[in-house]
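Below is the structure I would like to discuss, written out as structure tokens.
The letters A, B, C and D name the chains in turn, as written, and every chain counts its residues from 1.
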């Protein structure tokens, strides 16, 4: 029995130049489309008559991108959803996920690519989720970790002043569409950064909560927010064997292992 | 309100040598641990008194690995679950995911690393899932794709004989523990490969279904199986501009975009 | 016969916090050390008595980082070279390569990581090379490619207005040490970007040359400069099958294949 | 002044199916082409009349691949060199590098991809270099590291029995062409593995030398061989804090930092 199935196209890359006189904009997207619906027959009998090829999904992305301005990725995702739902009788639900590279302007038609990625996912053209990933932040102080459980496997030393580094991945859900997604995205992202920078952190959990709570408190159109914060450890290097102290100055940054703290915050009690 | 939270340690790497006389075994694991439970207070108030540090989770992995034989990764995952559940009153559920590199034997104490990865996840020490990833398979014939929906965005040509290439990711759930995980894993993996090799494929969907069905049919201890098959396209190169035919010989393999076909098959009607 | 040999430690990661009152700096380095010298005997006879373990090289990096301010990576590289040359009689030449992540300041003790990497290599403490990589730049116009050779394998259409995208990797050599490496690095990097942004480009070769020439012309302390510019193609998508024009708006960015244009420019005729 | 320049196409991916009755072969290549020659004018004046577009290089790869059997990658590289040298008057030297994925046969037309990569570079169609990379080998014993230099920065403990793990990258040069590249490649690769497996190693340097010497001793057509052996450390985990011994059983494998031992061995005194 097929309990669940989905199929679609991933990593459809798209760049678009839009021109206002001599001033150009440059956008770079990576689009993922997944169909769920009445497709069991295709799996079981090999009958393809209900299948929209994933190659056609890709062509649709480019064609819709060519029709009028791209708009916010949430809006472009909605247009893709609407098109697919309208044209595919066997399609029950479509999910469009879009990642947008962040290019900063250097001139009228010149840009530099950044490390951050803006994300969106749109389900059936009516459920909107926005987010950010690869937002790599670090505080050199105002972070501690003390008072935790100690057992026979504990070797970690309590730290009253440690480095807190993370690569924020956040995604939030809107109560409805019809908002200015660009304005809200920039505001939410800025608030996340601001809270991280200002928080006096007793734990990653606490910082995560402060970030999420601030967004819920200040953005009524945000229904819930999920945050994933890897704890990118900077280990204090032991210089004692070389006759030196290390007053919280020299560290070994490691990618693995890493802590991973995740939570979804929503409104309500 | 915290709708959901989890925290833990990711990418805990572990290698173990076990010796039987001059013959050694070498195992390489990558362990991920996630706790879910009564931890809201830590997020909200910054009180760490319920938190087992992720560093201690890591130490626990090494210590349990040092006690007796490692066993199958499903069994090692169970031991980790059992330990954590027993020692952490606020822990409601623990998920241990383990990836094991596949090293093939070259001599009594010599090994070569392969590309495939064996996977397992164990929840609360009683729900067992095994799998494989990076199992990269390809058939040069016996694959077609015809009779699909055509619309105004269709450019794909029907193919009666195409290359079918994929990187199989599979995970299956056992009805219960207490089985010989190593024997079953090797048998299920072999069956997946065998079906892929022998299948005359009208679509990736159909091949996926045949692979999953064969496993359910032959392994009564498997309750359900999820398969994720990216369609790693090999595009036929157009040599006509150079006055040549291309009788299905010269291809351009691409990583992006790719189709992605996924389904979960279970027993029952 | 050993024609050449070298050995050393790679990927020694180091972070350092330096404090001036409440204002902290955060630096993140990745250090690579390679020794060349009178080490044939170690290879041939297995005699290790001349080998400084690579683990000790690593410890030396952390210890020297702990002694006083880090300074520019060129200076830190020199201190490492000087130490190793002084203490290792069999060492003939040492090469220290350092990559420094670019963290931008968000607050007194808060930082965000960027995508660019500053690089340096110092040979024997007296030959200094600085550079940059992952400097990803793009112009949406003022780039063409016409008038090239046409043969029986040509399908490329001449472009009078195309996108020019690249990930600049540059390294330049100083005529001598004793300069303010930080100031010069920022100035050279800025000049490279400025020329790229302003250049009306008939080819990647021409843009590369303009960038290199500008640096040689304006920075007398730079003896030569090497530039490596991958041509990160943005392919114009053909929308004609869908009844639409594509007036240089919708593109498919690809990572592979890519052109690769490289040159070293130096002073003199 | 342009001291040196080169330009070309990188990451030209190619797959080829060749059929003998029902038995198919599948080959997957990644081709890199670099031209050096009389191209200064293109850089300096923006005159493209001497430039063969890198897009045409790519087309040439596919066209030559379509003409007759592919042959060994060294031979295919030679055909590419010969073509380019014949047709490009301003080309002084061309370097073709090819990587070939290793697909193992599962059936008459079925294959599984492996982790190893076969490499070749051909210069001007007459200088031939073959190699291998991502050949990941490990011995659990017969490796020690003792008797090295000790200084004030030494913390490494002498090891009489350690794990030796590496990812072999090797490239060797032939005295001439006209040999059976496939047969020789497989023999040299097998010999490298055999020596690694059997060597009682006092250092990575010594193992590297033994591997290279064996190839030079047994393959008269090999003129010189370069080996690059990262020391992929497996660190012994300290279980003492948990009241346990660790008799060389539980290790932490790390990717960074790593030792890097490299040498080129050639014939002659």
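Assume a residue touches a chain if its C-beta (ideal position, glycine included) is under 8 Å from a C-beta of that chain, and two chains touch if they have at least 3 such contacts.
Not measured: the values here are computed from a predicted model.
Set side by side, the interfaces B-D and A-D show unequal numbers of C-beta pairs in contact, with more at B-D. Chain centre most remote from that of chain C: B (centre = mean of CA atoms).
The geometric centre of chain A is 37 Å away from that of chain D, both derived from CA atoms.
If you average the Cα atoms of chain A and of chain B, the two centres end up 24 Å apart. Separation between the centroids of chain B and chain D, computed from CA atoms only, is 29 Å.
In chain B, the residues that touch at least two other chains are 13, 59, 63, 153, 155, 241-242. For chain D in complex with chain A, the residues that touch the partner chain are 152-153, 155, 241-243.
Residues of chain C touching chain A in their complex: 13-18, 24, 26, 28, 59, 62-63, 65-67, 103, 106-107, 109-115, 135-142, 163, 193, 196-198, 234, 237, 239, 241-242, 244, 246, 248-254. Remark: chain B residues 1-13, 32, 34, 39, 42-56, 58-60, 63, 87-88, 145-149, 151, 153-156, 202-206, 208-209, 224, 230-231, 255-269 touch chain A in the complex.
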